[in-house]
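Note that the chains take the letters A, B and C in the order they are written out, and that residue 1 is the start of every chain.
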């Protein structure tokens, strides 16, 4: 049985399913309980599961994450919400110093089955710090997993997998598409594999690797270029770390060309990592230089300048044609 | 004793046994058996010997940087002894006495300072978290442990330690705040040994005491003579009882002194006067406890000599075992980042192993 | 339940309309289908009906106001309705209500649907198995520059990688001219036949080529395949020259000089070279220039045990015939005895090959690359010729002049031989013009 849900509803349903199935799951963060979350991700959960398991916390991101560490050590599965990725930085110390390290530090004696959820990415004409895409910084931390869904179906499956994962997961939700579309989502619980990319579209001419809200923009760009008889292959990474390296390399070996599309700033980003991978593993198959279509190496502009920053389908399509004609 | 009776703003220090070993607050004197008293004293001696040996090994180049505990034995042992079986110890890095009381094997402790992560792999039934290097960050872990305890409806308490320096850190404040809001069963213990490396306590905060910071968070705080093992025990015991009763967290300031350097890489003569150190020698926690036991007729010099020899032999044997037999496996560097090693780590490990075994273009 | 009625696109893609007047008031009860307002658009003026029954709660605009398509312009309290259909529509209404809570930003809300996930569904489309050429970007660039389709090159590198060498070799094999290519084919098939013979029991001997032979082979190939050769031939009446020669032969023999025809021929050739300098030149293909040499070193092709050698007499124009005669003997002897210096085998500007001395008559000599011409001499024979309309017996010297047809036209070739003939027929004229 399925229902048509948008991405935020899929998140809610995943939390609902897991709270039901596993009594050790708890959900908290700022405005998560009574209000149901500023994006309504946790609506109804407090009513259903009680304020012992779904509750509001003081305004202290570091303590939200730090306490989750302690909870996980003491046998619970905390799923905490950071209100925006831009507010994850106060918790960065806890994340990089402890969340990612506890298992290795203790040689497995202590491990943290916890999830940190945060809306991420730009495109909602908000204030500063509400449009962050710093997944690369978190992906660079060994011991942490970083997951970014692009559809409601994927969001529910991946969040479920993240909650059940014995390792800590940073689950970034592309807020631009929270409510932009709906999709059939099974009402029952199900998991999607973390660390596996999804082939969104098959093609022979060029491999496009992307994730999150950009998947749709890439699909629009693909429509544009298909009129010129160019057929890209589109990979939705879904998990940034650990990355599905085989899927990327296999695809590039087939097409000989690759474009990475991401919102985040260009330099030192996930795109750079993918280009390095492709050079290491598929160098002899390359017929054009690996390319990135990304945000600029600037701070995300405020609302009036926002539309310049996120790569548009037109910008992506131009790059596709450049690469294919190399 | 009752924590509510103590107002940290009064600036009075809670004490049961004075610096000469006399009991000055007999109504609060814990009812220890003789075996318990001897155990406590032995543990204090043990701490000193472990420290002395570690320092010596370090100067011989056989041990890495080490943080000695000398002077803080009562603060550590007294408080930790008040904990019960399932309780969690969430240390900073200078809690040797507490580790020993809570069942951490010396081998683990030495292994850690020797530079091997296996030192932090506690035995199954030892609820002690690893050393936390980012100052103050461990408080939040203790809070989480306590919150989980409440959620699960269990009875355990988390006891966490920090230094006077750590009380300036944001995590200290966030932790206390969180713990109070959620009434987490946590006991926060500040080992105020008067110095954060070279920065003296009075430059760390403008507050008169550290214990009074508890008031801001709506929890009881108490300033305790950290060199008085009985006072530390009694105060901690009361705080733990409160926590277990669901009354929430407590902040205990253990007023003590660091006789040695911050670590073996530090030279305290650069920033403090000998007179100051001498004045604290007068209040030495081990000496005063020794006097107490001597007066009670429970020990004599010969007994102490024998015990010291016994403990020393044990310490030396443990260290030499580590030196000779402990291994550092390359695989271990990779194996424990995730429950299952992901393919890219496997690849990196294998590549490295090929290099070590003499790979294609091997350069030694 | 508050129903928010959004101004619909009543057709033909309008964006806005103006409320002419309201047909209901706040608090009125309305039934589904009742007209609630009169609205004017670009296209029409029309009454707008309500899709819901209930009580009018709010009127969001006044008469005369402009409302946009999609904007809420009236709200109706529908809670009185016992509506089954409404339960199904509930979802959509929830979207409208659950917009972002008082937080910064605008999240797009839409009930657009995307197709269900294809997770786990294996694609039935077979991958078109294009053969993949492995090559570095540098190699691919080289192929592009050379105009080679890299997909046709067979790689000899690790894992079948196409190396730059493979691409260059492929290019070279493409640009070989047909004849040699087919020759190669012939030869290789000849070799195959040979192997067959050998396997049947016929014997062969394999002789490794000497360095000299290899060098000769290379030089001959280079000359023949670079220079378009053509050969002009003539028969020269050297009867008078022979008499002249014999007259002084015995005298000079006392001076240990062997006077043959060759010195005279060389002198005649020099005169011709001076008049027709293109025969004493080299073609610089790269710069498209003809290098005319103003010095005269003559190479004399000499047969030795080890093979053909071409010792060089330098500055022939400054030597007398006697001196030339001596030089010829000297070089020839030393060449045969392998006592000749390497420097004496280089630097010729024109060459002469005297196959006649071994008995040859006709010849088509190969130019000594990078010279532009070579003179071949056959043996002198007695032949009947017509002189002054009478048949007489004369001494005839056959000559063959091969030259580079890129820079020397047939007319020049003929002219050269004319000069040679003129001078060698009349020795006194030769001496006068030397």
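Quick note on the criterion: a contact is a pair of C-beta atoms (placed from the backbone, for glycine too) under 8 Å apart; a residue touches a chain by one contact, two chains touch by 3 or more.
What you are looking at is a predicted structure, and each value in this text was computed from that prediction instead of being measured.
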(message) What's the contact topology between the chains, one of line, ring, star, complete, other?
(response) line
(request) Could you let me know which interface, A-C or A-B, is made of more C-beta pairs in contact? (result) A-B
(request) Averaging only over C-alpha atoms, locate the centres of chain B and chain C and give their separation in whole Å. (result) 79
(request) Please compute the C-alpha centroid of chain A, do the same for chain B, then give the distance between them in whole Å. (result) 40
(request) Would you kindly tell me how far, in whole Å, the mean C-alpha position of chain C lies from that of chain A? (result) 51
(request) Indicate the residues of chain A shared as contacts by at least two other chains. (result) none
(request) Note the residues in chain B that touch 2 or more other chains, in rising order. (result) none
(message) Considering only the defined contacts, which chain B positions touch chain A in the complex?
(response) 88, 90, 117-118, 120-122, 129-130, 132-134, 137, 139-152, 156, 158, 170-171, 174-175, 177-178, 181, 332, 336-339, 342-344
(request) Would you pull the chain C residues touching chain A in the complex into a rising list? (result) 91, 95, 98, 100-117, 119, 123, 125, 127-128, 130, 132, 134-137, 140, 159, 161
(request) Write out the stretch or stretches of chain A touching chain C in their complex. (result) 2, 4, 6, 31, 35-40, 43, 124-127, 130, 151, 153-154, 157, 175-184, 192, 198-199, 202, 204, 253-254, 256, 283-287, 289
(message) Under the definition above, what is the set of chain A residues touching chain B in their complex?
(response) 26, 52-53, 57-58, 60, 62-63, 65-76, 78, 90, 93-94, 97-98, 102-111, 142-143, 145, 165-167, 195, 242-243, 245-246
